[in-house]
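Several structures are given next for inspection.
Note that subunit A is present in both complexes that follow, paired respectively with subunit B and with subunit C.
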Partner chain A sequence: MDFGQFIIMRQELLLIIAAVVILIAEIATSDEKKGSIIPFSLGLFVLVTAVGFIPGQEGTLFGGAYQSTQLTMFMKNVLNLAVLIVFFQAESWLKKPENLDKISEYFILTISTLIGMNFMVSAGDFLTFYLGLETATIPIAGLAAFDKYKSQSAEAGIKLILSSALSSGILLFGLSMIYGATGSIYFADVAAKIAPTPLIALGFIFFVAGMGFKISLVPFHFWTADVYEGAPINVTSYLSVVSKGAAAFIFTIVLFTVFKSIVALWQPLIYTIAVATMTLANLFALRQNNIKRFLAFSSIAQAGFILLGILGAGDLGMTAVVYFVLVYVFTNLGAFGVVSAIYDASGVETISGYNGLYKTNPNLSLVMTLSLFSLAGIPPVAGFFGKFFLFTSAAGAGYYILVLIAVLNATISLYYYLKVVKAMFIDQNDQPIPTFRSSMAMRIALVVCAVGVFFVGFASGIFEYIRSISQLFLN
Partner chain B sequence: MIQGIPIEHFLVVSTIMFFIGVCGFIIRRNLITMLMAVELILNSVNINFVVFNRYLYPDQLQGHFFSLFIVGIAAAEASVAIALIINIYRKLKNIDVENVNELKF
Partner chain C sequence: MNILTLLVVIPILTIISILFTKDLKGARVVSAVGMGIQLVVAAVLLFMYLGARQTGNMHEMLFTADYTWFKSLNIHYSIGVDGIAVAMICLTAIVTFAGIFASWEMAYLSREFFVLLILLATAVYGFFISLDLFTMFLFYELALIPMYPLIGIWGSGPKEKSAMKLTLMLMAGSALIMVGIFGLYYNSAPNGGPLTFNIIEISKIIIPEKTQMFFFPFAFVGFGILGALFPFHTWSPDGHASAPTAVSMLHAGVLMKLGGYGCFRVAMFLMPQAANSMAWIFIILTSISVVYGAFGAIWQKDLKFINAYSSVSHCGLVIFALLMMNQTAMDGAILQMISHGLMTALFFALIGMIYGRTHTRNVTEMGGLMKVIPFLAVVYMIAGFASLGLPGLSGFVAEMTVFVGAFQHQDMFHRVVTVIACSSIVITAVYILRVVGMMLLGPIKDPHHEHLEDAKWYEKLSTVTLLVSVAAVGIAPLWLSEVISGSLKPIVDKLAAVIPF
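Entry: the complex of A and B
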């Protein structure tokens, strides 16, 4: 056996090594010096992310159960980058005295979920896909219950694990039917044998329902707002960006490769879910006052927009989805970073508490405004281009009415995003959040997000690159 | 092939089990019972995989292997869920869903 071929899965191997090294570092440091694990882990993860960008080898392993292509490597790099930003934002939160004895747990649990997501994105059969999905989900329940002395956090953890267990059960029931109809669990074999028979249609609906829980699409979104509100902010940002991004990636890959030949069967289904997700999430977001709940419903609405890209089946749709997730990483992490910085400094997490923020903390208000504009899709920031390509892809497949509904929804969403901006810039407050200076790591993360929001929209090279690797992947 | 038992019987049993699990998850108010309902769902999937493998594709093993992995993952999932339930019990002295309702729409 040639061990040299394992270089194909180097990104996963690097992450596994990183997790083990942090575990050893935890054992090797004395109790007084536990705080030094934070800079050590951050440095280690910067290294892992940087190595990921070195061009790697394509290929398959384990008889086709694991596949690595340019596109999956790029997706993994996007996820790594997002986790790196989350780690930088979590630094000041982890330094608090109540978290001092669980610093390494945070890093190890997060990296293990990332390993699961990487395997999921690279899956070549449904077994690897399922194992990656579960590896990505189970540790997150531990992360959501990280503040274990807060009952809200414990509640978020139990809600997450029970709903994700139910959703993977539903997903597996669908997979078992697809296995029964096609006789294989390998993506390539299933794709060759798939036909619009009743059994496959039923299995496919269960599959979409299970994935809908993971990406939190309406009507499977009930856990999202509760978990997002109860979990610590840094875990919430991880859930809403990395976890959702990875699930969107694999959902797109499976729909475009495995279920390609029954596209007429799944397009009406995705169409309905997209309309329901965008509209209902927007209506719910209108009435939120807690900023975490507000961002939760906003992220559900964004998932609805991702479905538009999926509907435009083909390389443009794939490109639009990957590009949108890349933009979404910078945008949403910028917003969550500001929320997290404010919560760390003052404990405020309501929208009305943000009144008058611009007078005391102008820089944070500007980053928040930029992120919210990008979420709403106002040109010239990157969020506009992300949405633009998603709409182009759906319009290219002939879904003009859906694009119209989506544009209307984007307009409605502008109302509630601007409500936050109004609170920060216009509303008066007798006791605004006092001026504070966040930690170095947080400022680096916010600057990266702000630069990303500007830069990714204008750098057409990124879009062209994703387009070329998507074409390679799909043909 | 098991003598005299057609494949439909197995599939009916597994489907009934699946929907008992889904109903139990929605109706029951006790966290442990909800976990048991999820286990029912996963076991119904196991029956499906093994039966499809045994009856339709007896010359391969993919379905058997899939069900083995499901058993393993279900154990991991149950252990994490029970740890979280114990954490909640220590706080509330109760594990009914009605009490786990600080977060609402």
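Entry: the complex of A and C
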């Protein structure tokens, strides 16, 4: 075996090296200097992300169990970028005294899950897919329980690990049926042999249920709000953006390649789940006052919109999903960044606590507003373009009524996003959050998000690039 | 640079300049200068347009430019104007200019106020110059969203509730529009070839009637919501009553016209068969709008509510006239849009100024204002006369044309609805004269009102600008109607091809 060909896996290998280097750095630094691990890791990860953008080689490894294409490389870059922003946002939180002794754990655990996600996205068979999924999930439970003196955080960890284990079991059960019916676990072989038989239909439903837990689709979403609320904010933002984004990527890939020929079977199923997810999540989000729970339900609703892209099975659908996730990275991390900055400075995490924020912290309020408008799909920010293309994809498959339901849902979502805007700009407060200046790293992260939210939509080149690599991937 | 792109660029530059100002004085001067330039550009555009038509340039759209944006979806930044759009752009420029001066003393968060107000105007210009449904829709939504903070922050009364109601209802309308746009897009290439969002190209093909019947209601009702189509007009009175002066002016004067404009440019122009088959439903609804709005205005005591209901009535007449689908009536519809835009902006400006002095908008608490603030009172009276359709002012020209056009239909149904709609003229006279009588004439009711100050220079500038425009449309309507009717021709021809008339 030629070791040179492992260069195809360079993104995973880089991450593994990064994790190991951080581990060594942890051993090598004395207790007083633990804080210096933060800038070191940030610098290291900037490097890893930058290297990822160098055009790489396509190809397959391990007899087709691992595949790397332009599209998967792009997806991994999106995930890397998201993690980088999360790291920058986490800086001031990690510097707190209670976290000083576990800084490297945060980085190593996060990078480990990212490695799992990268393998998952690059999977060429169900085994790699499943291994990647598990690698991606288990460390997150540790992250969710990171605030070890907070019972809520521990609860979040337990909830996450239990529901993940259950969903993995269901997923595996479904995969075993598909294996039984087709006699293979390789995507290409399964795709060739798949037919709408009852066994495959059953296996497929289990598969969707398992994935539904990961992407938190209704009715598999019950863990989301509690975990999002209990976990530290920087873990929540990771969960809601990176974890969900990666799961959406692989879900789309598997549906568009492996289950392509039984599209008539899965479209009604996805249709129903999409309607349920958008509507129920929106209705729940209306009543939240805790900003993290609020963003949790909002992110469930966003997952429902992603399904619209999936329904337009084809390269436009693939493009719309990948593009939307890219937009969503900037958008949601912008919102979470503000939440995190405010929590670090004042400990406030309720919507009513944000009353009068514009008077004291105008810039944070503006970033938050920009992000919320982008989540609601208001032009001219990127969220509008992301949603519009998802809807274009669904309308292209003839789902006009679904598009109508989705846009009406977007209108409902506008109501609760505007409630936050109202709190910041209109409502009066005797004791507003005092004026503060967040750390340099946080400000860089927020500026990156704001710029991304503002310009990704106008830059049609990004969309066209994704479109071209999606076409390459699907043909 | 293309003069149309300039129309979007100038407001954006103005917004950026406002961000560098420090206080109210800087912000308002920059805004006034920016919108003044914009007014000049709009006037130049008008003369360029007339000049081009005189030299025999009979293309449907002039000053076109086209840049590919999203290549694989065939989305373009495509712009161009015909006479109707030019008229609308001039209306927008006048109302925005007057609006800046009407909010000359906006002390609270003044920079933010002017930024949002001009952002709203930017989006409106963008909407009127767009020939591509995608950019048109983008500008349409962009025009709606600044309303929320504008009403929510600077409004009065139950402002949060009204702002939310207005935003959500209009956004639900845009949801319908979106479905309509997708329907048009995916049926824009029946013989293969690339799909397109371009209005002119879609208008060249014939979409199957069954498809039209499905998508027409989405597009029409979607835009109709912004045009205060009954029963989706309920956002309008609340929204207008709570909004600050300049926002009411811009919203009733210009933004509601986006609804009427979209109704015929997108829904009727591109789906004529469906428009013809379904017209009767919407004719009934708009007749209700017209009469109901007028009756609603009679029962209100709050000046802003009176004017808001009157807007429902007048905007109803716009869509009513459009649905008559002949040259005269549609001519009247566009005239009515412009006339109503100027009139209602003038009304809201005056109401704001009167409220700033008397601190009440309740007509029963005011009286004899003619004695203390004669300038504002006289202008209010003239605006009222324009609204009730006195010859020589814009309202008469518009309504006359509408009803003459509507009466050209020979059948019973059209005759009856026309007569019903006509009755609104009488009801309008009732509520206008009632307000004039109670508020302006007679003895002074409230002793606090005896020492009010008459209009300041900026208020005079704001109202006189609008008043002159109202009178100009009334005195020289043919000039305006010439700009419009040439451009209406292709639309009417397209409709006439499917209507047994």
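Basically, the second predicted complex is superposed on the first by the 475 of 475 C-alpha atoms of A that agree within 3 Å, B and C clash if a C-alpha of one lies under 4 Å from a C-alpha of the other, contacts with A are read in each partner's own complex, and residues count from 1 in each chain.
Note that contacts are C-beta pairs under 8 Å (C-beta built on N, C-alpha and C of every residue); 3 or more make two chains touch, one makes a residue touch a chain.
Everything quoted here is computed from the prediction, not taken from an experiment.
**Q** After lining up the shared chain so the two structures overlap, which partner does A:A345 touch, if you call subunit B first and subunit C second: first, second, both or neither?
**A** neither
**Q** Taking the superposition as given, does A:F173 touch the first partner, subunit B, the second, subunit C, both, or neither?
**A** In the superposition, A:F173 contacts subunit B only.
**Q** Comparing subunit B against subunit C, which has contacts with more of the residues in subunit A?
**A** The partner with more contacted residues on subunit A is B.
**Q** Counting only touches as set out at the top, which of subunit B and subunit C does A:K422 meet: first, second, both, neither?
**A** second
**Q** Just checking: does A:A145 make contact with subunit B only, subunit C only, both, or neither of them? Give me first, second, both or neither.
**A** After superposing on A, A:A145 lies in contact with subunit B but is clear of subunit C.
**Q** Quick check: in the complex, which residue numbers of subunit B touch subunit A?
**A** 18, 21-22, 25, 31, 34-35, 38, 41-42, 44-45, 48-49, 52-53, 56-57, 60, 62-63, 65-66, 69-70, 73, 76-77, 80-81, 84-85, 87-88, 91-92, 100, 102-105
**Q** For subunit A, which residues are in contact with subunit B within the complex?
**A** So the residues of subunit A in touch with subunit B come to 126-127, 130-131, 134, 138, 141-142, 145, 148, 151-152, 154-159, 161-162, 165-166, 169-170, 172-173, 175-177, 179-180, 183-185, 225-226, 229-230, 284.
**Q** Using the touch definition from the top, list the residues of subunit C that touch subunit A in their complex.
**A** Per the stated touch rule, the residues are 69-73, 75, 134, 138-139, 141-142, 145, 148-149, 152-153, 159-160, 164, 167-168, 171-172, 174-176, 178-179, 182-183, 185-186, 214, 218.
**Q** Provide the residue numbers of subunit A that touch subunit C in the complex, in ascending order.
**A** Interface residues on subunit A, with respect to subunit C: 373, 378-380, 384, 388-389, 391-392, 395-396, 400, 403-404, 407-408, 410-411, 414-415, 418, 421-422, 425-426, 460, 463-464, 467.
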